[in-house]
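Several structures are given next for inspection.
Across the two complexes that follow, chain A remains constant while its partner is chain B and subsequently chain C.
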Partner chain A sequence: MTGPLGMAALVAAPPWYPLHFAPASNLVEFLPELVVAAGMVAVLVTDLFVGPTHRRRLPLLTGLTLLAALLIAVGEWVGHVPGRPVFDGAFAADRFGLFADFLILLVALAVTALSPAYLQRRGLESGEYYVLLLAAVTGMMVLSGATSLIVVFLGIELLSIPLYVLCALNRDDALGQEAAIKYLLLGGFASAFLVYGMALVYGETGATQLGRIHQVLLHGSLAGRTDPMLLAGIALIGVGLSFKVSAAPFHWWTPDVYQGAPVLVTTFMSVATKVAAFAAFLRIFSVTFGTAQSDWAVPVALVAIASMVFGNVVALGQRSLKRMLAYSGIAQAGYVLIGVAVGQPDGTAASLYYLAAYAAMNTGAFGILTALSGRGEDCDDYEGILGLARRQPLLAALMALFLLSLAGFPLTAGFFGKLFLFSAAIHDGEVPLAVWGVLTSAVSLFYYLRVILTMFTEPGGAGEPVQVAGMTFEGGAVARAQLALVRPALGTRALLTLFAAATLVLGLFPALVDSLIQGIHVVAG
Partner chain B sequence: MTALFGVAAGIAFLGALGVVLARRTLYSALSLIVNMMALAVLFLLLDAQFLAAVQVIVYAGAVMVLFVFIIALLSPGAQERLRPLELRVVVGAAAAVLFTVVVVRLTLNGITVTASGHFHGVIGPFAPALVDRHGQVQTLGEQLFTTYLLPFEITSLLLLVAAVGAVHLARSRRPEP
Partner chain C sequence: MSVHLFPGFIGLSAAMFAVGAVGVLLRRNPLVVFMAIELMLNAANLALVTYGRFTHTMDGQVFAIVVITVAASEVVVGLALITGVFRRGRRLDLDDLSELRR
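Up next is the complex of A and B:
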């Protein structure tokens, strides 16, 4: 922490030229984000100039944008872009951030592919949807590579604001409007915590760049002592990030928002937001504040346990599929937090593997609900999926696979995800975390299996009530709910099968992805 | 300089009087703009160029536009004239006198306000030594387009997205098919 920051660059500039602009090479490392942002503007402009008949081309443009960004990101990974921080320590395209970008882009691609059919059925077609989707993706990618507190904050806002609007996509749906308002108000509240924490950390360390903050904590005046203001800052940042990953007790918005938003939007936000926010969580806590780990490890572990217990227990009582998956998502956030509490390098690697597994299985589960949702409303009731195995055997089988994976069944992605997390916790001496994880996983089996049982139970004859796993289904309600469901097109079924394949691959050949993750070095900035 | 200070302070004072005494709410708001502009000149005289710019852009600009908009929307009638011994007049006058006394006492006790007098511990790009050497606006501008170039650009993206989202939400509902 010596010397005026940023002034070194000024010295290097010719004496007659007062400004030293960031060199063009900085842009190379920021290229995937730039491509998505440019695609967003392109979609916005195209939407203005084409008529409603040509709107069909917007999802194509969106998909191509995401594909281009994905290819560039792969190129950066393969080409060993050094991943050093650019823009004066504000952003790094390191392999850690790129890995998160892969997951975000793949989920966004899947959601884009599901969009046209779903939006058309629900009568929600609009150009702004694709603009906001790309904007949120930009924000997530910025967040995953952010190495400065300012950029972390901007990334979170850039991903949140489009999501607030997307929740209210259906202007005729009061639940959706309510979800958007709740998400906006509570999200603003969480942002205030986050900024307050950042201000305190900046006040103590004099730097916004994570790398410099890390150096100050390592070698500067703060090295080796516990500073109350810094701890308060870390705690407040932790609260803000816990809100974004929907960890208990900062999760209250999650069930209402996941249920109120169109299920297509929920698919996207439940997975991609979590990946991006956890990337920031891991980078800030495990790396930047790594020296203070003894101070924050216990609170983070408590939040992890609270999320696992609360999410899994409350999910037991849900009669709405979206709410059940929302509480399941809270519990899943708790599992990933185990990796944060364990810290570098084992915990980070285990968290990344779990996030990859989560991206495959949770996108799959919500994707099936999206594909089934018909004209009137989203597929949200157990009544609708009663006997799904006979009517749509493929979808029922895929859904069963995704749910078993979420529960952590062997041969699926979730099994190795949890295994890596629990063994990292045990190696680190945090045995209670692993014990709580195993216990709550056992609890979660009940509500996941209940969905599977429902799908594989035959509906009774007309008017006959059917009993499944403690739930009673009235014949009339079943008939109504099932009429609302649709049979997805071949392409949609193929896409969901791909996600199921990914879930199996992650569960059968964990070394494939784990070898990628083991090579990751997290840049602090 | 002293003459300029006198003029600006006088205008600020007259503007403040106008806010209180004007009978139409719109005139009160306009007087407040005059007061804020004069304050911006006072900030400039104190070498606080950035504060002066923010005063004009944010307060006299954005905030007052909101004020005037709301007044125009609600179009309240004329206010009744203030009576000298009304409660709010007494309380307001007492607060003003108290504030003046405090400021005068502080000044007489030798507390001076300089750009770098107080924050000795501050490090980083806005350290007082640097600010004094390069000037406030220059330091800020340089930092904005070098160290903070990326956050600056992302902010512009954020504003665009917020505008798109607001338009989408504010547009009337789809017509029934």
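Up next is the complex of A and C:
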């Protein structure tokens, strides 16, 4: 070869050149992500050229995009597209990633359906919202199928950057802006840890594809010995991913961001981000670093216990519904981490089941807050939901179901989710994890039941304070907070009922979803 | 760059990473915190390129370019958010951003 850009290099890549140009057939595996990305561009362009009257078609376009991606993903699952890695081992459309895609797309569809009414009430209608939503969904789907460190990083940033902006959607709301800055700075901080960890792992193994890293750890020079640089890299990647799933002690941003962001955005990011980040967590730790499990299982278990204890205990003292659900989300992340600590194959399956349950019940709980939020501010105070059972019995009943499921009550999704996780931990000999899980679930029952009690307690008249589970409500404040709440439309109530049905199905017929999960084979890349 | 310089480059990158991490934790000006994060990302870039050279693979350089690109887009969003928050004449101090904790 004569020059760095000689013709020979274009015709046939020299042997040291690691990139093989992807054949077009690779695009089939990548089609759901491509559809969402194309939909994002379509929404962006449509928003530019249509007037404000046609702008209300944007949610429809967004919904159709998500639906198309969902159908293609289902087709790939049914048609059993081989989960082989494409793009030189950078991405795999295996059933593991597709399962996460289903959850992400279903949650995104629900959020899109909730969006127009909420945005209109809050005066936040804009085309950018749908563009950013689809961008974040693209990032999440890329992350769930990523089988290369580079693509994992790309996916995490592609989902995070739109979310930073979405938090600040309401430009007149100082709290939303504050939440966005906190999320941005702490998110960037965590990304730096993640990239540095990836650099160390790459340096020790000489590869960025998870499959090749796995092979090096299995058969290469690193097999069977503990390498300090590699362990440091694994630890830093663990810190970065723990941040994204908001596990303690890397959770500082969660309560502030969940409270400050518009509750619609919180609904989306509390569930979909967690599903995508856990998909990457499970793939990287349980599969790629599976051979080093004895080194990282204990730290991951400690993070799980810390999240369960911290999240559940601090949630007890919250006077904001969004903040309470944020701490509950930290605790839920701890439960899913049990599955990561247990490892393949039981732990992974249990984690996936719990993520499905979490997608149903947490979207439902936050979705109800979204549907109730009125013109002035989000439904965030216990005052507002005092006596909700009398005024809106359906929503109160659904909220009670979602909260009982989050607590792990029998007959609900959360019960089997926790049962599978705890039994996987016991089978693996990690009894302390199961014990901590049961103990903290008992604690969590208190603050979930407090919300339910509040909804089912009648408010007193003016100047007549009401006591509920250690909280005192003044009559006047209650009246003001309740006036702010709205009665959601029939479609919204039907949607929330669907999520309640999903919560019940996952709690009554666990075999339906579990049989799907049992057929999942995680591709390392 | 020859192989015997390898520990030096990795040491430099580790030092940059540490300086950046301390900067994020100690500084209160959001712009300086942002710069400290960029320093951490660039420390990772230096490590990636060094390892790429050391392991005779291109992945490190490709990764570094991806990190630079992503960091640039993060800066765009970040600066827009920071100006958005502080355009009403608020002090550029992260400690003032504490209305959410109650």
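Operating definition for what follows: the second predicted complex is superposed on the first by the 505 of 525 C-alpha atoms of A that agree within 3 Å, B and C clash if a C-alpha of one lies under 4 Å from a C-alpha of the other, contacts with A are read in each partner's own complex, and residues count from 1 in each chain.
In this text, a residue touches a chain if its C-beta (ideal position, glycine included) is under 8 Å from a C-beta of that chain, and two chains touch if they have at least 3 such contacts.
What you are looking at is a predicted structure, and each value in this text was computed from that prediction instead of being measured.
Undergrad: Going by the contact rule set out at the top, does A:L218 touch chain B (first), chain C (second), both, or neither?
TA: In the superposed model, A:L218 contacts neither chain B nor chain C.
Undergrad: Have a look at where A:V142 lands relative to chain B and chain C in the superposition and call it first, second, both or neither.
TA: Touch partner of A:V142: chain B, not chain C.
Undergrad: In the superposed arrangement, does A:L200 touch chain B (first), chain C (second), both or neither?
TA: second
Undergrad: Applying the touch criterion given at the start, work out whether A:F30 contacts chain B, chain C, both or neither, answering first, second, both or neither.
TA: first
Undergrad: If we overlay the two complexes on their shared chain A, which of chain B and chain C does A:E128 touch? Say first, second, both or neither.
TA: Once the two structures are laid over each other on A, A:E128 reaches chain B alone.
Undergrad: Applying the touch criterion given at the start, work out whether A:E157 contacts chain B, chain C, both or neither, answering first, second, both or neither.
TA: Both: A:E157 reaches chain B and chain C.
Undergrad: Considering only the touch criterion stated at the top, classify A:F189 as touching first (chain B), second (chain C), both, or neither.
TA: A:F189 sits against chain C, while chain B stays out of touch.
Undergrad: Which chain A residues are contacted by chain C in one complex and by chain B in the other?
TA: Dual-contact residues (chain A): 18-19, 150, 154, 157, 161, 164-165, 168, 171, 206-207.
Undergrad: Residues of chain B touching chain A in their complex?
TA: So the residues of chain B in touch with chain A come to 122-125, 127, 130, 138, 142-143, 145-151, 154-155, 157-158, 160-162, 164-165, 167-169, 173-174, 177.
Undergrad: Applying the document's contact rule, which stretches of chain A touch chain B when the two form their complex?
TA: 1, 4-7, 9-10, 18-22, 30, 37, 40-41, 44, 87-88, 90-91, 123, 126, 128, 131-132, 135, 138, 142, 148, 150-151, 154-155, 157-158, 161-162, 164-165, 168, 171-172, 206-207
Undergrad: Under the stated contact criterion, what part of chain A meets chain C in this complex?
TA: Interface residues on the chain A side: 16-19, 149-150, 153-154, 157, 161, 164-165, 168, 171, 174-175, 177-182, 184-185, 188-189, 191-193, 195-196, 198-200, 202-203, 206-208, 255-256, 259-260, 319-320.
Undergrad: Any idea which chain C residues touch chain A in the complex?
TA: 10, 17, 20-21, 24, 30, 33-34, 37, 40-41, 43-44, 47-48, 50-52, 54-60, 62-63, 66-67, 70, 73-74, 77-78, 81-82, 84-85, 94, 97, 99-102
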